[in-house]
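Consider the two complexes below, in which chain A is the common component and chain B and chain C are the respective partners.
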Partner chain A sequence: MDKKVKVIPCSGIGKVYGLIAREAALKTVFDLLPEKSETMCLAYIVTGDKEAKEKIEGFDCITVDGCPKMCASKNVSLAGGNVIEEVKVLDTVKEHKGKKFGSPTQLDADGELVMDEIAAKIAKKINELN
Partner chain B sequence: MVENFAILPCNGLDKCAGVISRELAVKLCENAKNEIICPVFYRVSELKYNRIAGEHPLLVIDGCQTRCASKLAAEKNLKITRKLTVTEEAKTHKIQLKRDLKIQENENALIEIILNELNKTEDKITQTSIETNHSFHFEYETFQYGKFIFRVPKNPQIYFNENDCWAFIIGNRARLGVTDFVQQNLSDILYFTPPDIGAEIEQFGEVGDIESSKSVFELISPVSGKVVTINKELVQKPEMINENPYEKGWMAEIELTDFESDKELLIGFEKYFEIMKRKVEDLNG
Partner chain C sequence: MSELKVGIISCSGEECLGGTISRLATRIVLDELKMISTVTLCLPLYLAGGEEERNFAKVFPTIAVDGCDKLCVKRSTEKYSGKINGSIDVSKIIGKENALNTKTVRIKDLTEEHIPMVEEVASEIVKMIGSLPADSYSGKTFRGCSCGG
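Let's turn to the complex of A and B:
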């Protein structure tokens, strides 16, 4: 059985916080912990497709949301995923008050910094599980 | 060129083609007046996106043959004006996409080709937006509670509703926004979602929203009419509402349809100032 933790960002399109969520998830699964984590496409999960449901139902998931609407967390739970951690980009953003993070397509240096911090938090959580 | 479209990308994260669909959508919105429909949030906020999809021609961008975006459009009974699938475009243009989710040379080349093809067409829809750059300055009455200072403009042309929204009447138009009470309560405003230009708004109907890390606040229009322009700067800099919600932080302008009638349900500076004071005290009491 696949033991990799699924790190699933919100679809967050058009806003920089969504981009941070997405990039942090990708950094975790491709650069930091490729052997322990993988991602899944939220837009696919919400289609309700049988195959998508099978891939997520009962699996440990960490969701990464860019805004308080919490699309990733809500939809992963609805699809049967076991959400073990809800990561909120804004919680980290708040620690960097007054900084600019970039645009919906490109992170600035501070955006990269926040993204790295979030990725590190996710990786720490995954390592604690193992 | 593709302008004034609603764009529904699959926004995928499983394959590079999905990442390209997202990149295309964002670029189309960066360079022209188009609106993105988020395929995930659409399932949560149907009302908002139904309106966008209903008022604009729709471009659907699927990444792969799973066609998540097309399926969503079909589920929602949306009329598709144009559709493309990234993997098919790659095949047509003989571009090999990598399995990697990072956009590299080949993927960028495909994005450029698709954007060029889309921009060659003439699907531009006439906009009813009228740009305005007028800025206004008001005199204020202030109310201090602890460290917080609440300002209310004293201009007799500014009307309020009890939902803490204001309308500044300029001829047959009204400029709209929220009051200091709202911005102080929300704290740092992170997003401004403007109304659609051309949208017909009833008095007390929703005309955009703002969001902070605390909550979302819907602007309740004090007046009825048609949205003719929005404060575009606010989309990039919503913090301007925190700086001054009455001047730089205005949100939209409406062409009035029946102000004489709307006015009967609105209040002026003096009454609103008293209401606001009570609200502040109740909230902190």
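Let's turn to the complex of A and C:
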């Protein structure tokens, strides 16, 4: 049985924070912990397709949300995923007041920095599980 | 005077290049198309029950941009807001093999070869907006997307 933790970002398209969430999740699953983590398309998870259900129901998931609406967390829970950690991009952003992070299509240097920090936090959490 | 607005919902699929291309192409249209006000409907918020997003898609013409042929955005939008006005399957534009590339997904991994793909998809979105009947994109009550992410 596949025991990789699923790291699922909101990928919100309206502001840079959605991109930070997306890139942090992808950095985790591609670079930091490819053996222990993977991602899934958020849009696919909620289709209710049999294959999607089989991949998400009951599996440990870490969600990464770009705004307080917590849409990734809500959607993963609705789809039956087991949300073991809700990562909030804004919690890390608050530690970098006054910085510019980029746009919904491109991260600036400070955006990359915040993204790296968030990816590291996600990886730390996953490592604590294993 | 009524507003001229079109909603665009992009999949942003996290598993493959098609999602990245759909996201970038959608942003180009949102940022650069000036004749008509385009509004992005934040898909995760829409799926999580965002009433403003769902109502927008009921009132204004809405186009779904999907990165692959699973067409998750199209299906979800029609489930909650009724029939949409247009649907773009990015895999039909850039090729299935490219769209389903699971190695190149992050923005930083994109290269020069991907720019024409983004531009072509953006062009298709604009064409689709242009093909909408003129009287279909007016509405007066929607206050805008509430997405913060």
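Descriptive notes on the structure:
Going forward, the second predicted complex is superposed on the first by the 129 of 130 C-alpha atoms of A that agree within 3 Å, B and C clash if a C-alpha of one lies under 4 Å from a C-alpha of the other, contacts with A are read in each partner's own complex, and residues count from 1 in each chain.
Just so we're on the same page, contacts are C-beta pairs under 8 Å (C-beta built on N, C-alpha and C of every residue); 3 or more make two chains touch, one makes a residue touch a chain.
Predicted model, so just to flag it, every value in this text is computed and none were measured.
Of the two partner chains, chain C is the only one that A:Asp65 touches; chain B does not reach it. Look at A:Lys94: by the touch rule set out above, it reaches chain B but stays clear of chain C.
By the touch criterion defined above, A:Gly14 lies against chain B and chain C together after alignment on the C-alpha atoms of chain A. Contacts of A:Met40 after superposition on the shared chain: both chain B and chain C are touched. Contact with chain C, but none with chain B, is seen for A:Glu23 once the two complexes are overlaid on the shared chain. In the superposed model, A:Leu107 lies in contact with chain C only, and not with chain B.
Within chain A, the residues touched by chain B in the first complex and by chain C in the second are 9-15, 17, 22, 25-26, 30, 39-44, 46-47, 49, 67-69, 71-72, 74-75, 104-105.
If you check the complex, the residues on chain C that touch chain A are 10-16, 19, 23-24, 26-27, 40, 42-45, 47-50, 70, 72-73, 75-76, 105-108, 145-149. If you check the complex, the residues on chain B that touch chain A are 9-14, 18, 22-23, 25-27, 29-30, 36, 38-41, 43-44, 66, 68-69, 71-72, 101, 188, 190-191, 211, 213, 215-216.
Those residues of chain A lying in contact with chain C across their complex are 8-15, 17-19, 21-23, 25-27, 30, 39-44, 46-47, 49, 65-69, 71-72, 74-75, 78, 89, 104-107.
On the side of chain A, the complex with chain B involves touching residues 9-15, 17, 22, 25-26, 30, 39-44, 46-47, 49, 67-69, 71-72, 74-75, 90, 93-94, 97, 103-105.
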